[in-house]
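In order of appearance the chains are A, B, C and D, and numbering begins at 1 in each one.
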Amino acid sequence: MITIEFLGPIQKAPLTLEASSLRDVAEVLKQDSEMTQWLENCAVAVNDTLVASLDTPLKSGDKVSLLPPVCGG
Amino acid sequence: MITIEFLGPIQKAPLTLEASSLRDVAEVLKQDSEMTQWLENCAVAVNDTLVASLDTPLKSGDKVSLLPPVCGG
Amino acid sequence: MLELYEGGLNVPEIITRWYAEEAQFNYGAYIPFIGTVREEDGIDGLSFDVYEPILNGWFDAWQSKAEALGAKLKMAHSRGDVLVHQSSYIAAVFSPKRRVALETIEKFVEDFKVSAPIWKYDLRGGQRLYAADRSTPILGAGILGEKQ
Amino acid sequence: MLELYEGGLNVPEIITRWYAEEAQFNYGAYIPFIGTVREEDGIDGLSFDVYEPILNGWFDAWQSKAEALGAKLKMAHSRGDVLVHQSSYIAAVFSPKRRVALETIEKFVEDFKVSAPIWKYDLRGGQRLYAADRSTPILGAGILGEKQ
């Protein structure tokens, strides 16, 4: 099982699901109409490290974080 | 009569002389061997405004200042 | 050093403490950048969410880059609500030399704006509204939305 | 505003007072650049001569340029002796926006180095030695040495 957490303005409780790569995560989130506006502009971190590929493998216990557009300062 | 003042590291007392342009000032200062090292790297101000031409006219009472290379900060 | 505070920053305390902390390390240039909440469009203030684990990693990577140039970085940021005319952000560089300090503070502040995992909200009439139009996707964002 | 002081600057007093002075003017960015005397080549400190009439004119011209961008400049500098690890120079910009602040502080500080009528001396073994090798002729210098 992996955990997905939604940061900042995404008002959504964490999800727990089975996934072996980010591709599986994308499949699940695309079914969620609330998430449509976020998938195209969110960065993704696995265990708090930003990743650049959908092929990033996942193992049980991993944490996937979605980071929407930022504006610090 | 005009006055010439020497700023910063130029260890020289002010001079008073007759001059109708900076060209006259240059003629006089070139006779002064102490000034050789400074004439080529000093900027010149007339009445506290920097000037760019030897043809700058001077009138009685004007103050000419020589500003050697700077390093503030 | 990265410092997070609830609410507006105590700017005098922070910028003078940082100056004192580095006084004996022979830096020739110190440049703090102080960001203050502007009164505009009728907002009461701004509010911030900060995701600390990734912010720390981003900051540590920048600190390593600065150290390679002989420089040092410090940063302070607010969480939660910051009213207009209060400050929410300080980024600072110490460096032996002027050029490195000027170049580093500019790059650090600009990268902060597009990379640091911090989310901004307008405070308006008791509501906290995500500042979507002023926000920037992090470099590499969007992979989950790719056609497969 | 341009402030000259005998000896080293009271940096905490100056940078916090400036921050307070501008607190109600709705600037979004404040960047002070603080220059400190480094211990190097065995010097005891630096010493400065300042020619105030032309410095004021130079500063006023910069202030006008900054105002055209909605920004404001402040500066403090030492006269006389400043020992190692003391500060001799603060330049600061206030601006509504980040980009103008970052660009203006860089240009202002760089132009200061080659234009402000200030002369630097090394303090070494009780002597005050002109720092000729680190000094820059002001733009347009040399007219008195031209062949006629």
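Assume a contact is a pair of C-beta atoms (placed from the backbone, for glycine too) under 8 Å apart; a residue touches a chain by one contact, two chains touch by 3 or more.
Keep in mind it's a predicted model, so treat the numbers as computed, not measured.
With centres computed as the average of Cα coordinates, no chain lies farther from chain C than B. Per-chain CA centroids place chain B at a distance of 49 Å from chain C.
A straight line joining the Cα centres of chain B and chain D is 24 Å long.
One simple way to say how far apart two chains are is to compare their mean CA positions; for chain A and chain B this gives 71 Å. Within chain A, contacts with two or more other chains are made by residues 73. Those residues of chain C in touch with two or more other chains are numbered 35, 98, 109, 113. Chains touching one another form the pairs A-C, B-D, C-D. If you check the complex, the residues on chain B that touch chain D are 7-9, 22-23, 25-27, 29-30, 39-45, 48-54, 65-73. Chain C makes touch with chain D in their complex at residues 11-12, 15-16, 19-20, 23-24, 26-40, 85, 96, 98, 101-102, 105-106, 109-110, 113. Residues 35, 48-51, 53-54, 57, 77, 88-89, 109, 112-121, 130-132, 134-146, 148 of chain D are the ones that touch chain B when the two sit in their complex.
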